[in-house]
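Common to both upcoming complexes is chain A, partnered first by chain B, then by chain C.
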Partner chain A sequence: MRALQLERYVAGDSRVHSLDPRVKVVITVLFIVSNVLLPDGAWLAFLLGWALVLLSSALTGLGPGYATRRSFVALPFALAAVSAIFALPGRPLFAWTLGPWHLVATDAGMIRFASIVVRSWLSVQMAILLTATTSFPDLMHALRHLRIPRLLVQITALMYRYLFVLTEEASRLLRARAARSARPVSGEGGGSLAWRARVAGNMAGNLFLRSYERSDRVHHAMLARGYRGEFRTLNPHLMRREDWTVGMLAMLFLLLLQVISRTGSL
Partner chain B sequence: MLVAVSPFAALRDSVVLLNVTALHIPDGFLNLPISILTWLATAALLAVAIRRTRGELGERQVPLMGVMAAFIFAAQMINFPVAGGTSGHLLGGALAAITLGPWPAMLVMASVVGVQALLFQDGGLVVMGANILNMGFLTALIGYGLYRATAGGPRRLRLAVAGIAAWLSVMAGALATSLQLWLSGTSSLGVVVPAMLGVHALIGVGEALITVAALAFILRTRPDLVEAGRARGGRGWVAAGLAVALAVVLLAPLASADPDGLERVASNLGFLDQGEGAVYTIFPDYIVPFLGETPLSTIVAGVLGALLVAALTVGSASLVRRAGRSEPEPERPVP
Partner chain C sequence: MDDASPWVLAIDDLRFSYPDGRAALHGVSLAISRGEKVALVGPNGAGKSTLLLHLNGILRGVGSIVVGDLPVIESTLPSIRGKVGLVFQNPDDQLFSPTVFEDVAFGPLHMGLPEEVARARVDRALRQVGMDGYADRMPYHLSAGEKKRVSIATVLAMNPEILVLDEPSAGLDPRARRGLITLLDSLPLTMLVSTHDMPMVRDLFPRVVVMSEGRVVADGPAERLLGCAELLRVHGLEYP
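== the complex of A and B ==
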């Protein structure tokens, strides 16, 4: 995998792309916090939140459905919330007996479950837009401006730099193993479970040593190029008037969502 | 049959797999008090971790931690077939803690969790504190603490303990995740704890097998790397690791077999009010008087609680440091 594949859309030139990364990070985080604060069953507010996602997605030039199409990654986790259907007291909807358990689904439980899934689904979409329109170095620089500790940001930035190097190294190991362990089209691979695990463990240990030694070489290379404990960027990262306006508008909108969800009948 | 291993496909598969099996909580599944609480605890721990590793590694820490974080990410792609199309693979928290030391491992795992959330939407942003706590701190604590307890012992014993530590660290992460989901009103305790622990008991076996094999490989090839780790944390880690491991071992069966009991304890402590209206009023007894019963009050209550936790954490961390310093530090071999 190359950085190019992952950052296919980062090079766009829409208004969202050119927005200051700090503004995008803050809006995304506030949007997620706002989702979490919306009460169960605030459907109108959820719908308006989704409208904001669609609008932002359209403004990126990737199409209004871009974020929604890619947002189903976190849905398997919804399994964790299924039990809420049966846990909350409320008007019983249906019931069945499953082995030792007698399960009663309540209306409150259903609303809780649906709200959790919707909250998570909306939040993921905004995070997808942030990633799709901001290059990782810009993102790191924004975090630095937002007072995330320098060291943490630098480690993460350097990790991103070597992510592709090491995942390619890992996939070369995997390819080598696949090439050397032919197996019938149907049926299990050879060797006992412990043996297979040991092969995988040796690969991980091998990769560990290669990475460790690489980090030494990286360190020397950094020193040779004048590393003084700070990564530099040519991007000035100045907040323009447009950045402030967009940030303020987004915050007002989120505030409105909270008010609607608490006062309206919905 | 020829299997083409496309790096991107392998990476994507590993991410999808992790998402289903592992402990990356997405946004929306934890309420705000729990999110803030876990973030503050994580922030305090990370602050200590940064200070500690700076003293130990100096300028070298950025390249070392960065590349090793990329290593953990890449190592999570390495899997082995188990049965019926399932495969075992590495999460890496315990291996990182044993080989790099507990504080560096925390930083490494925090970066891994951060990149997974920022780049792949694997795990949320607002709940990232909880994810780092579950997958970075608990794993480091148990992984390193138990392994450190066997320092100087025979190799076979150390490897066996490393395996147990790896398994327990996965279980601890699963248990902590379940408890956070339950406290947020997302899952009911009686369902989420047995389900999470059941699944992760199996995942943990894969983790243990790979960790032991990888550690054996490293001990054979570069024993100096792991031995150097002895200087990185003192007996405080052993005590803390054993205590947390013991808590997991005791709490897991209790929570699975008698969730009502645990819930009773929690409500006696004023910690939980099942059946509350909205998710964010989960701490009914934690209302700040002059603010009344508003979400703001809950948040303030959460923050106050979290500050307490943070203070305790930092306090215990400095105790750990003192315990570490009282030991004579062996000469560190030049890498």
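== the complex of A and C ==
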């Protein structure tokens, strides 16, 4: 059941679902690169980018707001860019003193910060759409056919495969601890904080050892079926005319965004 | 090639110690002829799993192992691994691919078979274990019994000369276990199966090999050995 919580793929038969996974991966990566290349404060281009996200989201049959709703979890990571507010020279907006530092917020800094947040927010939304409409095996195939090094793809695939096994193992350990964490009817449970921390540390170590031993057994299972250091798989995908069309249209659109952001007065 | 040797598997005086010095096998000798179904029983730590890991050269001990007419040595390992279909106890170790199809295709593709042949092998293997229609499923969504069947399909797809299973009925509910027994009974293959499941041994295996403390201590017809209460008791086993 935990496996289902981690699963981001939502089964469906929309046109986006049936698009060749390679096209989806390429569009998503190009979209992210395009976001990065857009200059600070290119609001019109950002808005058009978001329109593309909303349109794609609507086409998936999951509703236009699907990606946007799910994207907020990633926003806190964009806060890492807060330092940009104070790092850029420009017209000072406000200032405050924090210990030995005197921080001055500038208008250019604010615009850069907002742009960084918007860029990452848009990129995350497209990535969410990609994983929601492409099953994980398809995604791995796509990466392999796009000449991503085999080893990287295999590590990702194995990680995904064993993520569920690992979380189950972890939850079994936690359950075993909970089952023995009795507590007198009145008052607190026993044991110092240090002792509890040590128990938790031992559990983490235990989990690591189990995973390590499992990796050995998995490797044996691979050797037993003829693995000699190179993965072989079959290609179940074929590019159709529709895939080419969608890919081309998306690329043109992204090119247009770049042009708009560099010529427009906005 | 079928007539080159009467044995599908011949082990002679196999000895093995783990890197930490713990001796696991003290001179094991065993020969299995074509079509035989053999149960390997013995208490935990008797060396059953260690022995099985030697059969396709994952562990390398001292002594000789011959599969068909090929000795298990470094240079023959690639062919040996196609001849010995080893199914591990835990299906989560056995099934490491994102989909059932890819897992079953793994062996054939690594044997260098062309795509159409590999696909045909996958189809046939899944049909043999009654799992056709599951090709696109993801292994972690399967039940324990289904995982076990797919695990067996992953080695059937390699056309092994001998099927080697480590505790196949462990952790299965009675219905899945019964299904497994029926499946193993229906496969016309030479088999060596390590197990604690004595009722399964009685139902399925004409020949029993008893291991204890790294040695083969008894080898013979199941009816005779299973009737030997004293032998079973001494080696920590029970008659069903």
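Here is the rule we use: the second predicted complex is superposed on the first by the 217 of 266 C-alpha atoms of A that agree within 3 Å, B and C clash if a C-alpha of one lies under 4 Å from a C-alpha of the other, contacts with A are read in each partner's own complex, and residues count from 1 in each chain.
The rule is simple: a residue touches a chain if its C-beta (ideal position, glycine included) is under 8 Å from a C-beta of that chain, and two chains touch if they have at least 3 such contacts.
Because the structure is a prediction, the values reported are computed rather than measured.
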Practice task
Considering only touches as defined above, state whether A:G226 meets chain B (first), chain C (second), both or neither.
Solution key: second
Practice task
Name the contact category of A:L88: first (chain B only), second (chain C only), both, or neither.
Solution key: first
Exercise for the section: May I ask you to decide whether A:Y160 touches chain B, chain C, both, or neither, giving the answer as first, second, both or neither? Expected result: both
Practice task
Tell me which partner A:L152 touches in the superposition: chain B (first), chain C (second), both or neither.
Solution key: first
Problem - chain B versus chain C as contact partner of A:F136, first or second or both or neither - result: both
Practice task
Mind telling me which of the two, chain B or chain C, contacts the most residues of chain A?
Solution key: B
Practice task
Quick one: classify A:L234 as touching chain B (first), chain C (second), both or neither.
Solution key: second
Practice task
In the overlay, answer first, second, both or neither for which of chain B and chain C A:R214 touches.
Solution key: both
Handout entry: chain B/chain C common contact set on chain A
Key = 136, 157-158, 160-162, 165, 214, 218, 222-223, 227
Problem - Residue ranges of chain A touching chain B (in the complex, touch as defined) - result: 1, 5-6, 28-29, 32-33, 35-37, 39-40, 71, 73-74, 76-77, 80-84, 86-89, 112, 115-124, 127-128, 130-131, 136, 139, 149, 151-152, 154-163, 165-171, 173-175, 178, 183, 185, 188-189, 193-194, 196-209, 211-212, 214-216, 218-219, 222-223, 227, 229
Completion exercise
Within the complex, chain A is touched by chain B residues 1, 3, 5-8, 10-11, 15-16, 19-20, 24-32, 35, 46-47, 50, 54, 59-71, 73-75, 77-83, 88-90, 95, 99, 107-108, 110-112, 114-115, 117-122, 124-126, 181, 185-188, 190-192, 196, 206, 209-218, 221-222, 225, 274-275, 277-280, 295, 335
Exercise for the section: Provide the residue numbers of chain C that touch chain A in the complex, in ascending order. Expected result: 53, 56, 58, 78, 81-82, 84, 86, 88, 90, 92-94, 96-99, 102, 105-107, 109-111, 115, 118-119, 138-141, 154-155, 158
Practice task
Enumerate the contact residues on chain A facing chain C in the complex.
Solution key: 3, 136-137, 140, 157-158, 160-162, 164-165, 214, 217-218, 220-228, 232-234
